[in-house]
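Below: a set of structures, written as structure tokens.
Look at the two complexes coming up: chain A is in both, with chain B in one and chain C in the other.
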Partner chain A sequence: MEFLSFLVDGLLMGFVYGVAAIGMSLIWGVMKVINLSHNVLIVYSMFGVYLLFNTLEMNPYLAILLMAIVGLLMGILIYTVALHRVIDAPQLSTLLATFSVSMIMTGVATALWTNSPRNVDFSLGSISLGPITLPGTRVVAALVAVLAAAGLFLFLYRTRPGRYIRAVANNRMAAEMVGVPSNQILALSFGLGAMVAAISGGLIATFFPFNVLSGMNYQLKSFVVCVLGGLGNPFGALVGGLILGALEGVIPIFIETSWVPVFEFGLFVVIIIFRPSGLLGAKQ
Partner chain B sequence: MKNWQKHLGLLLPVLIIVGIAVGVKLTGKPATREAFFTVLKAIALASSLNMILGYTGYVSFAHIIFFGLGGYVGFYLVSAQGWSLWLAMLAGGAAAGVLAFLLGKAILHLRGAYFALATIGVNAAMQAFVTNFEPFGGPIGMNLNFQVYQQYGGAAQALETAFYVLAGIALISVIVSYLIRTSKFGLGLLAIREDEDAAEVMGVVAPNAKTWAYVISAILPGIIGPLFFFKNGNIEPHDAFPLQSSIELIVMVMLGGYGTVLGPILGATAYQRMRGYLLTSPIFKDIQLSVAGVLLLLIVLFVPAGVVGWLRNRFPILRRVLQ
Partner chain C sequence: MKKLSYILIVVSMLWLAACAPTPTEAPAEAPAEATEAPAAEPKTLVVGFTSSLTGKLEVSAGRQAKGLELWMNEVNGAGGITLGDGTVVTFDFATYDDESSKDRVQELYTRLATEDNADLLISPYSSGLTAAASIIAEQYGKVMITTGAAADSNYQQGYTQVFQIYTPASRYLTGAIDLLKLLDPDVTKLAIVHEDATFATGVVEAAKEYAESLGYEIVIFEGYAGDTTDFGPFINKIEATGAEAILGGGHMTDGSTFARQVYEKDVDIKMFALLVAPPEPDFAELGEAAYAVIGPSQWEPLAAYTPESAAKAGLAWYGLLSDEFVAAYEAAYDEEPSYHSAGGYAAGLILQKAIEDADSTDPAAIKAALDNMDVLTFFGYTKFDTTAEAHGLQIGHSMVYIQWQKDADGNLVKQVVWPQAGATAETIYPIP
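Right, the complex of A and B next:
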């Protein structure tokens, strides 16, 4: 029974990891860029939710909605300023460009908010399902994560800009030839990736304490999830998130919690060595 | 040295390092010496990173693990097994070399971003592992018994010796870097950087060349690790594997000019001095990370070849001196 409740708890967390990783996977799929500014997008959203909740007493989920829009705009801005110029350069350039964004924004965040830990003091009580008792914020977070993922898929598969994004991901040159405005589409894709990262950051803030540097940890988890699900395959990222969440939930039953990262990153390295296209396989 | 004109490129790198050592000797102030200790360490580490990043074109976000692992192995041998520092440094270098060999065999077949991602994973896994590894002190790390310094003429003398030893290692790193750059082996690496498939067609055995470049680039940090933590007197997982430092090394290499011998030296010196200035300046001390980030972004966007690369392109006449 203990096993079951750990597993369910881990799976709920897995949805949130999955959403964070979808953002990274989408950006990789469309423009072959590993977004190393993922961490600050998560952290800024955490602090946004924290500040809106504490100063304006706004409902955290409304705050997350606002931060999602902010994330979208931040993503478009980051793409325009830092990435557009080097989008066709070797990967060293794009890695370093997004990393420099992360450095700049982390520096600003540290100056504004210091390193001290924060938490959003918000509770939805707990929900009992038979023998399992779960904190309400976790359950709602998983639901919001699923909604966000579903929304993104609807956007990608049911709207014109979504179709453009898939076209650019498939073959940018060919898409340009048939009149897809590829620059705007690249910026939009980066913005969408940033938006889902922001949503996951806001969700995590509703139940875990965090500080300015917390984003790094979740960024690393996003890498693991992306590689589990196959880089560039957003649906795989969601499944990868569930696998990671389940592992995180279950491993501590058998071994001390501090060993969890060793397994996570060990697994990550093993998968990237033997199956770089991911367990589920990338789309191309 | 009949063909000394051929080796003009080695002149500036050697002069800079000898200049730092002599300059510190002349001023004789411990504070200056400590400031330049970090500069020399950065020069040696950046030069070694440049061998894999600059010559071979593989972006490693985990270069610091060789420094950390070497440091841990050497520190363990000195503090728990009573080895002499010099042997421990060699052991640290050997451990780092072996790790690089195994890692190289495993992940160097990955190209571009996949390799970069794998190194991030390796860095995180390594740090997490050492944090849990009890013989190395787990999360608390290890401390050095103060008595140990007696063998090296007391703590003050040991600090001074460490500086000159480091200067020697830095000198060796830049000479090795130069020798690789000018050798046929180095030419093979540069070919891999430009186009790996074409290089293989032209007869470069890419997997071997990459692995050996990786091993050589790992040994130097592995040697410096024990020296650094011996001087510090303690070692902790957080200090030994800071992801941040791997990135700072990349910034240094990019700033000076990747793929050149002189570039990492200039980049490391400039970056460390700038960082020292920013940390003490009241205006910038809170946002020194942002300033470094802006600097990196500007280089990546507008001067991707770095200072030395830019000078070489702009003034071809200097190419002989600026290797």
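Right, the complex of A and C next:
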């Protein structure tokens, strides 16, 4: 029973890691861009939810919906301003471009909101199942994570823009030759990735205090999740998040919690050596 | 292999970004206020320090710097210090943003000592940064008052120029253990979960030793990284081991996160005491999760240190009253002062007292005056260890313990619950 309690907690956290990584996985998979501004997209959404909740007393989940739209627009803006001109340059250029965006936006956030921790004082109570206590906000976050992954999956496989995104991901030149507007599709892809990052940031804000630097931790975890789950597949990222969450939940049963990152990043290195496309990605 | 190298480069960049994510601010010198009356031989002493205007220590460090700035403005505004020979001493600051980084602290304190010719130094905030600054202060023979730096180890290095204002880390949580013993002698199992940092580790190692000497069983003794957000594994362990009280924490963000998760998981514990975070006014933003949490504080506005209590204890009194400090701070910064703010002010006040006692601006005379310091101020009792083993360690000051309780309107308010002599309310025990 003790094991189950550790595991369930880890899995609930895993859903959050999964949804945080979906955006990075999509952008990485479709655009071949490693988005180092992922952290600030998460953080800006956290602060958006915090401000809407505290100043307008808006329900946090409605605030998350608004922040998802803001995230989409921010993503398109970042692509247009910082990435569009370097999208065909070597990968290091796009990496540095998004890194610069991250530094600029972190600086602005620090100036606006300082580094003080913030808290959205919102609770949905807890559900007790025997010895396991599940905070309501964490359960809702898990459900939203599944919905976000399913929604993105349906968008990619059941809509025309989604098919365009997959076409650009597979072969951009060929897609352009058959009339796919690749620049708009790349902007949309980045926007969608940013939107999912914003959703994850908003969800995290409903149960963890945060500050302007809190996104970095989730960005790092997203890398591990992308490697575990493979790129471009929302459900792959979700499964990768669950694996990571389960590891974080269960490892402390046996050894001190401070060893968890050693195992996480050890696994990260092992996978990129032996299966670079991820556990759930196509074999190369 | 190319892809592997590429990904490893990316991860390395992320780690670097995590370490230094914020921009550097240009060095800023606070303007010195003009002295009121011309003196025969005016002298301006340059007080050098760095403050973490950016980075993870920004909140506490910012308040500390405000306290120090308030002290300087007040002493200069009152015309400075007049020495026996008629010299009027006023103060000016040389200060930089250390970005919460040890490397920057070493570089900047060297600059303060050599290029800015600072006469006296004040420490940065936090034990880790102060350890780096202390080496420089000692190397260049500059007297340095440390504030916001509680780790005992810094004063056991054989330094002779470094003087600590705060109660040392080794005595940070011992009062909470005494309180628990008094409230419930039947409690036997404690969990200690702390940030893996110089200060917090120093605190909990001393607390563990003290608790074990009183017969407590420490069922968990584990550290966590300062950027930890998920305390689920620790909380599950606490529940699994049947711990009856939790001690630990580290700084503001991790402490707040830990407290919220303990509340949301409805952990069955009787007492919860955390470092640093609970005494901060912002801790109340946690709402119900803050209720009944206890925290050690270097100073609280409620603490009643007065000329009368000094006379009663046979000590000399110096400086302003707590109420006066609070009023001046709120007027200047439009916020409630925390103990970091008071510590910043107290660092300047003790320096002022030392110059007055020395009746000189000679560094050796100021150091001798600090060695002989034995005074009560609004911040509490100040006396330094002068032995070779722990020179400069604070041996006079003691902590007060606050608990977040509710007033008649249901609003969260801080109450002093320990020591008993200074308590303003009964402890809420066990946690409902």
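What we mean here is this: the second predicted complex is superposed on the first by the 277 of 284 C-alpha atoms of A that agree within 3 Å, B and C clash if a C-alpha of one lies under 4 Å from a C-alpha of the other, contacts with A are read in each partner's own complex, and residues count from 1 in each chain.
The rule is short, and it goes like this: a contact is a pair of C-beta atoms (placed from the backbone, for glycine too) under 8 Å apart; a residue touches a chain by one contact, two chains touch by 3 or more.
Source: prediction; values computed, not measured.
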Of chain B and chain C, the chain that contacts the larger number of chain A residues
C
Between chain B (first) and chain C (second), which, if any, makes contact with A:Leu220: first, second, both or neither?
both
Name the contact category of A:Pro135: first (chain B only), second (chain C only), both, or neither.
second
Classify the contacts of A:Asp9 with the two partner chains as first (chain B alone), second (chain C alone), both, or neither.
second
Look at A:Ile34 in the shared chain and tell me whether it touches chain B only, chain C only, both, or neither; answer first, second, both or neither.
both
On the A-aligned overlay, A:Gly266 touches which partner chain: chain B = first, chain C = second, or both, or neither?
first
Given the touch rule stated above, what does A:Arg172 touch, chain B (first), chain C (second), both, or neither?
neither
Per the contact definition in the header, classify A:Ala89: touching chain B only (first), chain C only (second), both, or neither.
first
Using the superposition described at the top, list the residues of chain A that contact chain B and also contact chain C.
34, 91, 95, 99, 102-103, 106-107, 110, 216, 220, 223, 227, 256, 258, 261, 265, 268, 272-273, 276
Using the touch rule from the top, collect the residues of chain C that touch chain A in their complex.
3-4, 6-7, 10-11, 13-14, 17-18, 21-23, 54-56, 58-59, 62, 196, 222-225, 227, 229-230, 232-237, 239-240, 252-253, 256-257, 260-261, 264-266, 282, 285-289
Touching residues on chain A, where the partner in the complex is chain B
28, 32-34, 82, 85-86, 89-93, 95-97, 99-108, 110-111, 216, 220, 223-224, 227, 231, 256, 258-259, 261-262, 264-266, 268-269, 272-273, 276
Chain C partner contacts - residues on chain A that touch it in the complex
2, 5-6, 9-10, 12-13, 34, 36, 91, 95, 99, 102-103, 106-107, 110, 114-119, 121, 123, 126, 128, 131, 133, 135, 137, 204, 207-211, 213-214, 216-217, 219-220, 223, 227, 248-249, 251-252, 256-258, 260-261, 265, 268, 272-273, 276
Using the touch definition up top, name the residues of chain B that touch chain A in the complex.
53, 57, 59, 106-107, 110, 112-114, 116-118, 120-122, 124-125, 128-129, 131-132, 139, 243, 247, 250, 254, 286-294, 296-297, 300-301, 304
